[in-house]
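Just passing along the structure, written as structure tokens.
For reference, chains read A, B and C in written order, and residue numbers begin at 1 within each chain.
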Amino acid sequence: MIENIEYIAKLAKIKLSPDLVKILSQDLKRILEYIAILNELDTTQIPPTTHAIENKNVFRDDKSASSLDREEILKIAPNRKDNFFKVPKIIE
Amino acid sequence: MKEIFYCSIKELRKLLESKKITPTELIEIFKNRIENLDSKIKSFVRTNFERAFKEAQTKKEGKLAYIPFAVKDNICIKGEEITCCSKILKGFISPYDATVIERLKNEGAIIIGITNMDEFAFGSSTENSCYFPTHNPFDLERVPGGSSGGSAASVSAGFVPFALGSDTGGSIRQPASFCGVIGFKPTYGRVSRYGLIAFGSSLDQIGPITRTVQDCALILSIISGKDSKDSTSVEIEVPDFEEGLEKEIKGLKIGLPKEYFVAGIQEEVKEKVLEGVKILEKLGVSVKEISLPHTKYAIPAYYIVAPSEASSNLSRFDGVQYGLRKESADLAEMYEVTRADGFGLEAKRRILLGTFCLSSGFYEAYYLKGLKTRTLIKRDFESAFKEVSLIVTPTSPTPAFKIGEKIKDPLSMYLSDVFTVPVNLAGLPAISVPCGLSKENLPIGMQIIGPAFREDLILRLAFWFERETEFYKIRPRI
Amino acid sequence: MIDFEPVIGLEIHVQLKTKTKIFCSCLNEFTLEPNKNICPVCLGLPGVLPVLNKKAFRLALKAALALNCKINKNIVFDRKNYFYPDLPKNYQISEYFSPLGENGYLEIILKEDQIKKIRIKRIHLEEDAGKLIHTEKFSLIDYNRAGAPLIEIVTEPDIFSPDEAFKFLQQLKLLLQYLEVSDCDMEKGFLRCDANISVRKKGEAKLGVKTEIKNMNSFKAVKSALEYEFKRQVELLKENKEIIQETRLWDEAKQKTFSMRKKEEAHDYRYFPEPDLPVFTPQDEEIESIKSEIKELPLQKLLRFKSTFNLTLGEAEFLIQDREMAEFFEETAKNTSFVKDLYNLLKGPISEYLNQNKISFKQVKISSSNILKIIELKNKGKLNNIQVKEVLFGVLKENKSPEEIMREKGIEQISDESKLLQIVEDVMKRNLQACIDYKKGKKSAIMFLVGQVMKETRGKANPNLVREILERRLKNED
């Protein structure tokens, strides 16, 4: 069960207000209780399915194609400095 | 004389080719209808008639020349704002076209507008849009279904002859059934996902929403096929889906999974679907009861796997390159506040659920368990398809519910996906076709599921059913 | 310190020598222009999907095979989820559960006869992140490098001294260059190294607490950092203080490591298999074909040179640094007994020429016969060392024969005693003090006189002969 939704929110980088912490804790608790029905299934011998339709060995050739004109993406950037994207300082 | 806005694509092409109508006139007709009626339905979040008229004036060739269509707000169109109906993507102008958009443009089709959806496709009612809810054309107090509610409503209301939607757990089929139109989810890997803003990467597919089976087959033929930009798209021949529609269905064996006709399903839904099955029997199809024993584990498995993948897919929305940014003193703060402000409640719910299921200590019990359950569900279908060629079920346990009815209870909303979700987990193709109206005049949908890459078989059965029943002629009274 | 020994493991990231990035078709090149080589895929824009570069895959397999790794039958990519602005999707596509290669080793030569096996724990493919430029108030992001193809090589803690680590890195670099897997240019960031070090009492089997060291920008820095860290840990142990398991950064200017000071929250990367990529199953034929591309490796060549040509470790090490030079050496040495002379020319004037012109051996044209001719001329007394260099430079620059160069530049060593005698007499007359000094016992004075004769003859005199003549004359004068 989710003991600490605040830890999960930190991992997911979403700031939660105390109200939301309450609401989402309850929601998730209910959902996980419902999901617990899966414990009825013995899946120890069952392999997991990551891809429903199997595909293998898909490659592309090492050939170059024209790049994006950087202005197209920089022009919609929330913050930029010359030809860089700009973000606030990173506190280590 | 049928109104032009309810013509099929084939009929519109005939009118255009015979010059009974010009492309500009055609766009004008749809524009007028949308401007008159969409204020009630609110299927579109953005329209671009100016661009559409410009396109209508250029020389176009192809099977869809000058045919207008609508696109769900999670499929990238170059030069257009694409937001997944989320605050966090406001201002994102896509610098590229999704592969399906390229293919449709190559056949001459014209995008007329972008349709409403549940934010990031999280939902079954289109109530989770950051803009507004869409209203069901058959009953404005009810939901159109979701997450492709806008697309389904726009086709149902005669705003466009076809629209694109996306389906991760039923998001094309269920709104199609609520709005009385046809919705098709292809086999996973049949249609390129390049340009579809990902929700559940191993489950998502783009598909057409149309009013006739033939239109559906046409669109599917055009958008299907291997894409070198999508490593999950499969190298397999795309048949001409229209060609096979009239092939014989006598002797086809269909299965009715007993787990899909149990308690929880509204009596009328069961009634209408079984009536539909009787009609199929009359046409020469044989019916037998089958079992998909792990059905009840599909929703729990889905609500682990899909949110897990989504939580990772949505990590990129952080205010750095595009979209919403809440400027802050430091980066960590910027991430957290931007995402808190930009994501709606359901999005937050799913991201947190998914993050939890993948987190250290819980990965085996949740994510891996979900993937293993998926194997069992896939095997259920594989066994079933050894006995029958197609499987028929209701699309949804109920017809359209009222706006506001389920939104406060996420779990009850999730449970309404019970018949569609297993199909995504198994990667199979499926269609929803209208099979009648409830006493309250609400559309009911019948789902036909096929083996992997047998879209042709599904379309064939749907075509015969459509011809025999003519439910596709039912229009909402807007 | 004598009682303690360091236990070191290395984690090396190597940028592969491909034309394009790992999952998109952008150029994989080092450029100073920011955000030049970008596209929707490596930017991680909404809706994009990765497609694996075949060459990157082959190069990774090549490296893994050359490092004697067992190649996984099912190679699966996984997502490593964490937020950082140089990571466009806020997850990195890497390999965690089923890496490309495991349980290999690299043999390195430490001393004349000491070869040690360093075990390779794993090698896997992953995408690189972009670059950040930090200032006090903000950071700037350049995505040129985002999506560059990397292999990560992790050793077991088999390295027992900083010097061993240094040698390992040098020899690993040479191996990867021989394989043409990477240029390994640390200055361009093509090779990056992090180190783990713990300390234990000699003879103990149990490992101590390890610290991770980052930010070392050269092999020398790795060695210095490990030396510093070893000392630091030993001091702590001697004082019975605790060693904290942490990440420390190397400060090149201060020549010390320091703690990162941030709260060491263990990263929960929430690894899960990448749904957007299929499984990769290298077939036996492909593996064999890649294996056959692997020619003689540096260590093998070194050992062979040592024994075949009777070279010291240092001499052999020098020759194998440049594969083309090694091959030239071998080709030429076959046809002469003057192997040491050949070596000296390569080590001396030829290397000087290459360094001066900032080129590699591959870029000069020199034939075996030309260089053997020069050696012959020198041994016959026709060229002194200075003239050898002059002729050699001429041959390298103009691609002519030694004889032509000698003729053009009028180079010939004067070995005619009668000619030299006169000059010697003149020099002796003009430098009486030096003659006196020599006779008094200052033996080094003769070198001065030799130098004067060389000056007179503009370097053409045979210095040994000059010295002989001087010694005779000075003795005779007594």
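The definition used in the following text is that a residue touches a chain if its C-beta (ideal position, glycine included) is under 8 Å from a C-beta of that chain, and two chains touch if they have at least 3 such contacts.
Predicted model only: the values in this text are computed from it and were never measured.
Taking the mean of C-alpha positions as each chain's centre, the chain lying farthest from the centre of subunit C is B. Among the chains, the centre nearest to the mean of all shown protein C-alpha atoms is found for A. Look at where the CA atoms of subunit A average out and do the same for subunit C: the two points lie 40 Å apart. The distance from the centre of subunit A to the centre of subunit B, each centre being the mean of the chain's C-alpha atoms, comes to 23 Å. Centroids of subunit B and subunit C (each the mean of its C-alpha atoms) stand 57 Å apart.
Shown for subunit C are the residues that touch two or more other chains, namely 40, 43, 45, 51-52, 83, 85, 139, 141, 268, 270, 275, 277-278. Among all residues of subunit B, those that touch two or more other chains are 92, 95, 202, 228, 231-232, 315, 318, 320-322, 331, 335, 355, 359. The set of subunit A residues that touch two or more partner chains comprises 11, 13, 50-51, 55, 58, 60, 68, 73, 85, 87-90.
Listed in rising order, the residues of subunit A touching subunit C in the complex are 11, 13, 50-51, 54-65, 67-68, 70, 73-74, 81-90, 92.
Taken in their complex, subunit B has these residues touching subunit C: 74-76, 82, 84, 89, 92, 94-96, 98, 193-198, 201-202, 228-232, 308-309, 312, 315-318, 320-322, 331, 335, 355, 358-360, 363, 367.
Against subunit B, in their complex, subunit A makes its touches with residues 2, 5, 8-9, 11-17, 20, 23-24, 27-28, 30-32, 34-38, 40-41, 43, 46-53, 55, 58, 60, 68, 72-73, 76-79, 85, 87-91. Residues of subunit B that touch subunit A in their complex: 91-93, 95, 187-189, 202-203, 228, 231-232, 234, 294, 296-297, 300-301, 303-304, 311, 315, 318-325, 327-337, 339-340, 343, 345, 348-349, 351-353, 355-356, 359, 366, 368-376, 378, 410-411, 414, 424-427, 452. By the touch criterion stated above, subunit C contacts subunit A in their complex at residues 18-20, 25-27, 33-40, 43, 45, 51-57, 76, 83, 85, 132-143, 260-262, 268, 270, 273, 275, 277-281.
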